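In what follows, chain A forms one complex with chain B and a second complex with chain C.
Then we have the complex of A and B:
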């Protein structure tokens, strides 16, 4: 004898608006990444095809040759060592530029000191990095002071302008609120002034860093005896194009890593309240 | 409950031809479990008075002392807009004005959030709340320091009528429950009559024109004839001091 039991049915779960929104967002992200990947494949493919067919492969080595050279240079330790040198220079130079930039930005709140620094900051912002790289190369040769000074001169003004704007727009209503509750000056600075300035500082760092990065490599090309820029110069002089392109690739990977990983992680960590605002 | 003593208070802004007198020789004493409303036309010095009382601004002349049983009194302030730190959660906004972040302090903050019916919103950022909710957080913040005196500067003027009405009822309830001294600035005469037991009318030029006691029993409904009469009296005072004159 067989018994037939009705299959147990659970009520179908209705997709909430939130679920739907999340699904749409995920699909959207996947599509964006798909197109991005397609872009990479297309241009790398075009490059590989051109090498040896449209142009001599000694003049335009394909991506496969460049990646192979990259792996070789990585294995010999040349890439990590050049990375370390360049990054150390950027780190020290940018730290100095940050300190100078913040200090000048704070001093410029005074009317007279504003007049004192204003044109210097304008010159700092408008002068191309190439000019500072050339001047410091002529004055300092291959000494470390060259790239460091070039970074400070090209970057501090970006930080200064941002800090200055941040200080000008300090939220007086919040500071008054804190005063009325008897909150002390240190606590006010920590919880109101710093969080208010953070996005301005972050914008300054982001722009400043991208400038510092380029000018460092430029000074290395002109006058250093180590670092990514120096390796590029050597590769050019010896007509080793796969090596030259390898260093460009290294440059690109590092810039992408700093921009997409380091800075974005910092942004997510410190500015989550703005994301909630958008939501 | 605090005691507030104001002697010959005078405040000016600007100098020379641009000089504006915001408060002119104000003398006043108030204290105990009172709800004092300060009313008057725009620019008559209501908010300046509150800013001086709370220490945000300093007087040009005169003296203000706020004491609690002879010692210094603690004050809380509710502003026209909520003035919350957008980068801190609701709970952290309350904790920001406390002296410590201990467990009892947290529990006290939570209690006041519950009181304004936002007990479950402690982890939200202000930007995620409606304007009315933000204003309630501002009220909870002021009460959470358990101040001896509470200053409120047109706290409901930016809100829609329904939200403002329910918050007024909440505020009255909290005032009765906690027994604080409240100084409440408003331009809304109905609001002043329904909430206060004393109304100070300020005239243009920052002069204290009238001090009207309000002894009607609570709760006060706006339809109640006694409440309507009291409002009429305040308006008559406005007329007498020239605050209603249209030129």
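Then we have the complex of A and C:
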């Protein structure tokens, strides 16, 4: 409230100082963007320049070649179906991993179960996805269950760690107060426990998703006959680097979009009550 | 007393492998009763244990025994990490010192960070052929963004008041660097090395699967191609042991040694992509002796 009355004491000087600050800020932002653009130009240019000059064109196709290949692939109509297959797999596998991760995280509040699952979580975090991909591929062959199991095994631990951290830091005093004021179990969970756990869950989901999509593509390379990973394997076996780069880059951009834009927007919407509190 | 011990976390911890073993044997029984022909795909624990014993004693069908195999991979990992630390150190230093350089590189560092190591592995195997070059470059590419980000954070968090004091007291530049900059950068460099090691290892293994002629990744693929499920699982367990040895044993010891001078070792470890450092056990007190 006091900030509203402050400018009226010395309006001209303050306005000019604000103007100056805004101007330097704008110049700063302009310069940053300029450098950023220069970075893009430099790296894309380097990539384009090296293809055909520093390295064989077949070994390192430039960005323009990748774009041209993407247009060709799009014209054949393979792209949407391969994307849909992989995204479905990621969706199902990640959902299962989320359920398992949250369950284990909740169970780990018990001391005995904490000891029980501790090594499972450590192994889940440190083991490379490649190992799960190979084991599930050799056991399940090209059945659907293989990739799903691999996703669950690589991803659940990240979610578990976040959930159990969240539960550990639950506001006990608030819960006690709610209890003593006779607030019901459902209402208590809805208004105290869930809002407190939400940020931890979101962190787990974001980390987990970034692992899950990579593992999915990896398992598809070994044991699938459809999806992005399969297309990548086919392209590498035929030594078609432009096609390979196009597949991986296209999917990479989609995954980054989901990870950085979609999940972030959902998170921001979910926490809109927080920003309104701040403002 | 005994009852309390039975309810504690240690007994749970000991139960876990037993339950795993039980589930494993039960699965084999179940699968074998439904599809009898699927038995060779599901190895028994004894087969895997026998395989691991053979590997550890050096009696193997693969071209190199475990120790040679992991040594080859470690050499590649070391070479890749060295390059990643040097390149990442220089770029990270520049990015921490200058806003413009930061804007220039930032998006590309993030882009390389988010790239799956499968992409690097396949690309390096195609572009550089079979041998050492491909895997080493894959390690550099997976490790370098973590080094850059950590070094940048270290430079940004450098204690500027200590510099001011050093300047005010006329401390020569070399001594200021030696006694102020390097100690303040150390924890970040250490975290960077740890990340580069853990993730570079994962990247290296994948790269060796596709573009190696030997090494750990190549050998697990060797057993996979021979369709020996017990070989794949046994080798996977060797991988787990190897990773745990380095993570828990070597790095913990090393970090305690390097940061002995500090009252508490709170190494800045931020989870950028995966939080490998997060464990569920309470923090041990780092100072002892």
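As a working rule, the second predicted complex is superposed on the first by the 231 of 279 C-alpha atoms of A that agree within 3 Å, B and C clash if a C-alpha of one lies under 4 Å from a C-alpha of the other, contacts with A are read in each partner's own complex, and residues count from 1 in each chain.
Note that a residue touches a chain if its C-beta (ideal position, glycine included) is under 8 Å from a C-beta of that chain, and two chains touch if they have at least 3 such contacts.
Source: prediction; values computed, not measured.
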First (chain B), second (chain C), both or neither touched by A:191: first
First (chain B), second (chain C), both or neither touched by A:207: second
Contacts of A:131 with chain B and chain C, given as first, second, both or neither: second
First (chain B), second (chain C), both or neither touched by A:173: first
Of chain C and chain B, partner touching more chain A residues: C
Contacts of A:158 with chain B and chain C, given as first, second, both or neither: second
Touching partner for A:183 - first (chain B), second (chain C), both, neither: first
Contact footprint of chain A on chain C as seen in their complex: 7-17, 19, 41-42, 99-101, 103-108, 114-119, 122-123, 125-127, 198, 201-202, 205-206, 209-210, 217, 220-221, 224, 227, 229, 232-233, 236, 239-240, 243-244, 247, 271, 273-276, 278-281
Chain B to chain A touching residues, read off their complex: 51, 54-56, 74-77, 79, 81, 83, 85-88, 96-97, 124-125, 127-128, 145, 151
Touching residues on chain A, where the partner in the complex is chain C: 28, 31-36, 38-40, 42-43, 55, 59-60, 108, 111-123, 125-131, 134-135, 137-139, 158, 161, 164-165, 207, 210-211, 213-214, 217-218, 221, 229, 232, 236, 239, 241, 244-245, 248, 252, 255-256, 259
Interface residues, chain A side, partner chain B - complex: 173-174, 176-183, 187, 191-192, 195, 273, 276-277, 279
